[in-house]
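In the two assemblies presented below, chain A is common to both, partnered first by chain B and then by chain C.
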Partner chain A sequence: MTAPPLANLINELTKLPGVGGKSASRLAYHILKRPVAEAESLATAILEVKSKIFRCSICNNMTDVEPCAICDDPRRDASIICVVEEAFNIATIEQTRDFRGVFHVLLGALSPLKGVGPQDIDVHGLVRRVQSGNVREVIVATNPNVEGEATALYIAQQLRTLDVKTTRLAFGLPVGGDLEYADQVTMAKALEGRREI
Partner chain B sequence: MILSRLTPQNFRNLASDEIAFHPTANIVVGRNGQGKTNLLEAIYFLATTKSFRTPRTASIFRFDSPSVFVAGALQRYGVEKTISAALETGETKRRVLMINGEKVTLAAYLNAMSVFAYSAARLEILRGAPEEKRRFLDRGVASVDPAYLEQLTRYTRVLKQRNALLHAISAGREAPSQLNAWDDELTRAAAVLHRARAAYAAEVSKTYAEIVAEHGYHIRDLAIHYRPSLVADLGQTRRAEIRARVSLSGPQRDTIEFTTGGRPAQDVLSGGEQKMVVLFLKFAKLELFRRRFDEPAVFLLDDVDAELDLEILQELLVRLPPKTQVFATSAKERFVRALAAGSHRRLIVENGRVTATEDLA
Partner chain C sequence: MTAPPLANLINELTKLPGVGGKSASRLAYHILKRPVAEAESLATAILEVKSKIFRCSICNNMTDVEPCAICDDPRRDASIICVVEEAFNIATIEQTRDFRGVFHVLLGALSPLKGVGPQDIDVHGLVRRVQSGNVREVIVATNPNVEGEATALYIAQQLRTLDVKTTRLAFGLPVGGDLEYADQVTMAKALEGRREI
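Now for the complex of A and B:
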C-alpha cells in the first residue's frame, strides 16, 4: 500500500491536465527523492502564481502588474487587437514577434453544449474597447474548430455596426512542413485560400 | 492495396489464426452458420472499423470478450503495410487504430484501405430508413473524396451545438439573437454536404445506367431522387425551430428515393430484382472509385444465392478492373463453381476455423 501522504500527492497530481496515474506517481516519487529545498521552491512557485497573478483589466491576459506588460508597452500598436480564446494562446502568437498590436482574451469560446453563451465569454469588453475609439482592426484568432468559428462569426456580428475592420486568421498549410503530412481538410482549406504569385 | 493476410482476435466465432489470401479471387465456402460472413465482416471491420451487417458494433465481440482486434497486412506495389483496429466494450469503449505499429487518427486510418461490400443487409439501401440511404451516399462520397468525412463530422458538431442552443432558448436561458452565429456556420457546413451528395447521386445514377446497359439487365430506368433539405432563410423558421427545439432543415433531413418506371423501387421490384439492383449500384460505386484513383480495391460479396443472376454476376466479376481483390461467400457448391473463373483460392470455414486450399486455376 502507498503511504497516505504519498497517495495524497499522487491524487493531487492526477487532477492536472494531461497527467494520468502513472505519470503522477512518477512525478511524486521524483519529488520525494529530491532535496527538500526543491520541493519548497515548487510549492512556493505554485502558491505565488495563485497570489500574484491576476487578469489584466484591459485584455484579460495573465499578469502581475496592472495593466499587463503588453497593454502597457508604448511601442505596441493599440489600434490593432488580436482576439484569442485563452491567455496561453498569446504566447504562441508572441513567439512570432511579427505581431505588434495588442490582445484581447475571451476566456473561452461559445458552446451551447457546455452551456457557454456570450455572457460567459468577454465579448463585451472587446466591444467596449472598440467603441472607445482608436481601434482600426480586430483580428479574430479563435481556434479553427466548430466552436471557435461560431465565436468568430458572433464577434463579427457584434462589431458590424462599429467603424472597425474585422479579419479572421487564414487557414492553411504549416510552413516548413511537407505537403504529404497535411490532413485533407487543411489541404482543402489551403487550396480554397490560394493566392496568385 | 490488396489484403494479403488477416488475423482476427475475439471477432465473433473466428479462430485467432492468421489467414492468407489470394491477390484477386477468394471464394469462401462452408455450411451455414460456420462463420463465412464473419470472415467478410472482419475484413470490412479492418477497413472501416464498422460492420456491414449491423449498426451495433457490440455484436461483433466474441461472447463475453471485453475487446475485439483485427490486424491485416496490406500490399501495394510490393510494399507491405500492417494495419490494425481494436475496440473495447464497457465503460472505456476505447478504439485504437494503428498503421505500421503507430497510432493514427480515424481519418488517416480509413484512407489506408478501400472496401466495397454487397450483402443482403444492403437491401436497406432501397427499402430502409432514410439514414440508411443517406449513409449509402455518404460512404460513396467518402470513397472518392476522403476529406468528406471530416466535413460530415464538422456539420454534425455544428448541428449538435445549434440544437443545444435551441433547447436553451426555448427554456428561456439564452436569447434568440444568439442563433445568428450558428445559423451562418450551419448554412455553410450544410452547403458543402449538399453539393457533394447531389453530385455523387447524379454520378452513381449515370454509372448504374451504363453498367446495366452493358450487361443487358432489364431494370434500366432506375432513378435516384436526391432531395436535399436546404437550409434557406433560417430567420423565417426560427420560431418553429425554437418550438421544436431541433434544427428543422439540413442534411440530416435529406431524403433519397429509388424509383423505376416512376414508382418506388422497393414496391415494384421482386426480391431478386432488388438484390440485382443493389449489386449493380455497388459495382457503380466501385467504378466511380476506380475512375478517381488508380488504386486496387477490395470487393466483398456476401452470400451468392439463387436470387442473383449468376451469368451477369460472372460477367461483372470478369470485367472488374484487374487489381480488384474479391472475397465471395456461398453455401452452395454450384454457385461456388460459377464464381471460380480463373486463378483463385478456396477458403473453407468450419466452426470459425479457416483453411485455405492451394491456389486453383
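Now for the complex of A and C:
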C-alpha cells in the first residue's frame, strides 16, 4: 500500500551497503519531509560524482583532475609511495597528517576465495612507477587481514629485484584500547614488534 | 585532498538521519563503484518522490493518488480509524495484516519541550472525520512514550463528547524478548494488563 514512487525510492536505497529495509524507509521519509532543494542537491551530487570523478592515471585515486591533487602537489615527496587497496583508504592515512609521500591504489587485494589474482589488481602499475622514477620506499598499507597480508607479500616479491625499500605498516595494540580486548594474534604481533623505551 | 564532487556527495549524504562521516564516505565510494545507471535510478527516485508524493486529503498518508490507496479501497472498513503520529507508522501496522480499517496521520505528537502544541498536529481533521461519518472506533496508535501518551490522552479528550469508542494499543512484554530484559515500566504495564488464559 506504499505509494509506488516511495516504494521505488526505498528499494533504490536498500541497494546501498549497510542500508536495510527499515533504514531505507527512514531515509526515504526523511527525504520526503525535507525541502525539494535538499533532495535536488543530493540527486545532483550523486549524478555529478559519476560524471566528474575518474581514476588518476598515475595512482588510481578517485579524482576530478588529471593527475589527482596528491600526485600533482609539488610539496609531496614522490619518492615514497604508500600502497593501499582502495581509494577510500587514502583518507584514513591522510587524516594522520603524518604522511607526505604519494599513493598507489591497487583496486583490490589478492583473494583466491573471491577469485582475485595478481592480474586483477594494479601491482604492474606500481612496479612501473618504481622502475621509472626515483622511488626510495614503498610502504605497503594493505588491510591487516589474510588478503592484505598475501597482497603485501606478493608486492614485496615483485619489488625484490628493484632498488627500493619495501616496508609494511606496524601491527600491534590499537591505541586507546584495553589490553584485555586484544585478540591473540594482535597480542602476539604486539609482543613480536616490541620496542625499547 | 578528496576531489570536490566526491566531498560534496559525502557532505550531502551526512545530512541524512543516522549517516555519519564514515558511513557517508562508504556510501559515496559505493556509488562511485556501481554502474552509472544505478546512480541515475537512485537520483531519479529521490527527485520523483519529491515531485509525485503528497499527503492524502483525508488521512494525511503519503500518496501519489488522491485519495490514497488505503482511503480509496472499498474493502477497508472506514468505520475504524487507526491514529498514528507519522505516515511511516502505517507500514508497521499494515505488515501485521490484522488491521482492515483506515488511518489518520497526526503529523507529529504533542511535545511541550519541542514546542509542539495541539494546533501543530492534525487532531482537528480526525474530529471532523468522526463527526461527519459512521466512525465506530478510533484506535490510538501513537508511540509508547511520553509524547505519544500525552497525545493519546488529548485525542481521547477531544473525542469524549462524540459517539465513538476510543481505544489505545496494548502495552506489555514484547513478543520474543526475555523477561529479564523488560524495563520496570513495561513490566508494570504487563502486570496491569494481564489477561485470563
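Here, the second predicted complex is superposed on the first by the 197 of 197 C-alpha atoms of A that agree within 3 Å, B and C clash if a C-alpha of one lies under 4 Å from a C-alpha of the other, contacts with A are read in each partner's own complex, and residues count from 1 in each chain.
Criterion: contacts are C-beta pairs under 8 Å (C-beta built on N, C-alpha and C of every residue); 3 or more make two chains touch, one makes a residue touch a chain.
As the structure is a computational prediction, the values presented were derived from the model and not from experiment.
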| item | value |
| --- | --- |
| First (chain B), second (chain C), both or neither touched by A:Arg26 | second |
| Which superposed partner A:Leu110 touches (first chain B, second chain C, both, neither) | first |
| Which of chain B and chain C A:Thr63 touches, first, second, both or neither | second |
| Touched partner set for A:Arg100, first chain B, second chain C, both or neither | neither |
| Touched partner set for A:His124, first chain B, second chain C, both or neither | neither |
| Touched partner set for A:Lys50, first chain B, second chain C, both or neither | second |
| Residues of chain B touching chain A in the complex | 105, 107-108, 146-147, 150-151, 154, 157-158, 160-162, 164-165, 167-168, 173-174, 178, 180-182, 184-185 |
| Touching residues (chain side chain A, partner chain B) in the complex | 110-113, 115, 117-118, 145-147, 149-151, 153-154, 157, 183-185, 187-188 |
| Partner chain A, residues of chain C touching it in the complex | 1-6, 8-9, 11-13, 15-19, 23, 25-32, 34, 36, 38-53, 62-65, 68-70, 86-88, 90-91, 94 |
